[in-house]
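Report on one structure; see the data block that follows.
Read from first to last, the chains carry the letters A, B and C; within each, the first residue is number 1.
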Amino acid sequence: MVDWRWDFTWQILPRLLAATGNTLLAAGIGYAIAVVLGLVLALAQRTPFNPLNAIVREAVEFIRSTPLVLQIFFVFYVGPQFGIRLSPWTAGMIAIGLHYAAYLSEVYRGGLESVPKGQWEAAKSLNLSMPRTYFRVILPQALPPSLAGMGNYLVGIFKDTPMLSVIGVAELMHTANAIGSETYRFLEPFTLVGIIFLLISLPTAAAIRLFEAWTRRKLGLS
Amino acid sequence: MDTKDVSDFPLAIEGDPAPMVSFRKVTKSYGNLTVLDALDLDVAEGEMVTIIGPSGSGKTTVLRMLMTLETINGGVIYVDGKPLTHMERGGKLVPANDRHLRQIRSKIGMCFQHFNLFPHMTALENCMEGPVHVLGLTKQDARERSEELLAMVGMADKRDQHPSRLSGGQQQRVAIARALAMRPKVMLFDEVTSALDPEVIGEVTNVIRTLVSEHNLTMLMVTHQMGFARDISDRICFFYGGRIEEQGAPDELFGNPQRERTQQFLSAVKEAH
Amino acid sequence: MSYFEFLGLYGDRIISGTLITIGLTLLSALLAVAIALAAGLMRMSSNMAVRGVATVYIEIFRGTSLLVQLYWIFFVLPLFGITLEKFTAGFVAVGMNLGAYGAELVRGAILSVPKGQWEAGLALNMSPAKRMRRVILPQAVVLMLPSWGNLFIELLKGTALVSLISVADLMFQVKQINGTTFLSVETFGTALIIYYVLARFMITPSMRWLERFMMRKMGRA
């Protein structure tokens, strides 16, 4: 049967935990980009200027239909062909941020569409300005229905960070791979990576559900 | 008649006194369906006009156009003597831009069938939103004004509640206070009792009664409450097929309708009750 | 080198990679559907052990990354005496991963079949299995088909990861070509477009067709 070596486990654990920091950092930065850029993409699809709507719509569709790992390669390797060198971190953050911005824009779009038409009409009847209508009336109501989707993609982006290892971002998977090729032992590093992911993503998912319920109460929506 | 060409329309309406609201040859259509056909309607300052008619007769559209929730396809609407749907450019009327709409729209307030309160704000915050962020009042002033109005509609004790905690009748009363907090010259009531349970209709109609008797507001109302309309209106307009079929003082129109369609409609309504 | 010269030189490899990608997608889709049905139904079993197995499976595969699962199946599983050839390891990992997501779709769809349908089945004295098969599942399928469309696109995208264990799919081929030519725009750009075409003009329309077909079969169209 398999021989799991505890001494080896304790030896590599600090290195893996340090890499976990990088994984969380990558997920955090990528998500921050995605949250903001996703809103821009969602709002761009609501402008009265039709060509812009169509272009953004199609771009979102394109990003959502193609593999993230390919997009990471594309962003990382295309720059040098034109004399722009991006570091693995920069390229990775652009790729993963853009990828999830496309997903989040769909979440926001659903949220925005769930706000009843009467809310827009009431805002207009009170003569609220367009920015005020969005920020004070529409977005606060579009947020709660978006939270579940936003939470799922927060966990999703975290689980997709291992793909950054392909261009050499020293996150968890990259480190486990390195340990494997140095020691020819794959059992412990890959299993530990799986466990670390579980230990972070399961409680996060649970916390998001609580946060969602709390927000609804806070905004007086339930 | 081509009502898109507005070159014959006046740049402003004179008169002593000039009507507060004036529809001139206003047309509204969706594709081939004409909802309003060259509507002419004047409402004097302080007048309470109620619009009745079968569904699909275009009555709600009249209010929605006045609130600029619907665009018009022809004609001009004037408010307080000035064009609403158009503005003056080099001595001619051209379609209004956003700035002009916002300026004229500030004279109009509206209450909706489904209240449309902002669910994430308390009753008081709903009322203060416009005064603070559109009119530029200080929070203190807006709060005083809003509390006064909430007291007037009998909702002072519920001012810190969110709409989800209020009954339909209570929500509608808050909505009335919210609209009044903007100090409009014209108030629009679009079927404000239609979504309410029968036992709470009275609390909303009583508020409107108070408004009629104690304030000099110009009001336009669409309602199915014929008795209420007869009690408080200065004039009733019966809409049919996108035009005014008949209009007159309440007692005349309800007591002695001249047109056959009006008679049919009124007897059908009476039978239903 | 013009783009046409590029295609002339490397077109064959790109096409063969695309065919591998399509094959992987079909096989892992079959596996995912089978696992989703089994795990989704097990998740709703009244037997706690059965339910527990399904729950653990779903949580593990949804809680970790596909890449982690792929590496684990390819590098670690042999230590347990189970050695899968890389192509097999590839589609098994993708199928098992997406199957876990699909299981939740199955469960959600079954739960959203109106309660009256369960009661009507009971009133006709159907056995639980028969009720599920004849009454509930057909309606659940119609409910969940739109979500499966998205899941199959995720699955297609997931197959790109098997290039990392050297399965010669589309992703692998363009990476190799890029390694010798450094024509990143041409190589990766072409692959992006091919994946897009597969998703948008093959998966989405077939799912739409299937949705319409099922609706007609259910007498809803």
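The working rule: a contact is a pair of C-beta atoms (placed from the backbone, for glycine too) under 8 Å apart; a residue touches a chain by one contact, two chains touch by 3 or more.
Just so we're clear, the structure is a prediction, and the values are computed from it rather than from any experiment.
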Joint neighbours of chain C and chain B, given as chain labels: A
Pair joined by the larger number of C-beta contacts - A-B, A-C: A-C
Central chain of the complex, centres being mean CA coordinates: A
Centre-to-centre distance between chain C and chain B (centres being mean Cα positions), rounded to whole Å: 55
Gap in Å, rounded to a whole number, between the CA centres of chain B and chain A: 47
Whole-Å gap between the CA centroids of chain A and chain C: 21
Complex contacts: residues of chain A adjacent to chain B: 116, 118-119, 121-122, 124-129, 132, 136-137, 140-141, 219-222
Partner chain A, residues of chain C touching it in the complex: 59-60, 63-69, 71-72, 75-76, 79-80, 153, 156-161, 163-164, 171, 174-175, 178, 182-185, 188-189, 191-192, 195-196, 199-200
In the complex with chain C, residue positions of chain A that touch it: 1-2, 61-62, 64-71, 73-74, 77-78, 80-81, 159-163, 165-166, 173, 176-177, 180, 186-187, 190-191, 193-194, 197-198, 201-202, 205
Residue ranges of chain B in contact with chain A within the complex: 67-69, 102, 105-106, 108-110, 112, 114-122, 129-130, 133-134, 162-165, 178-179, 182
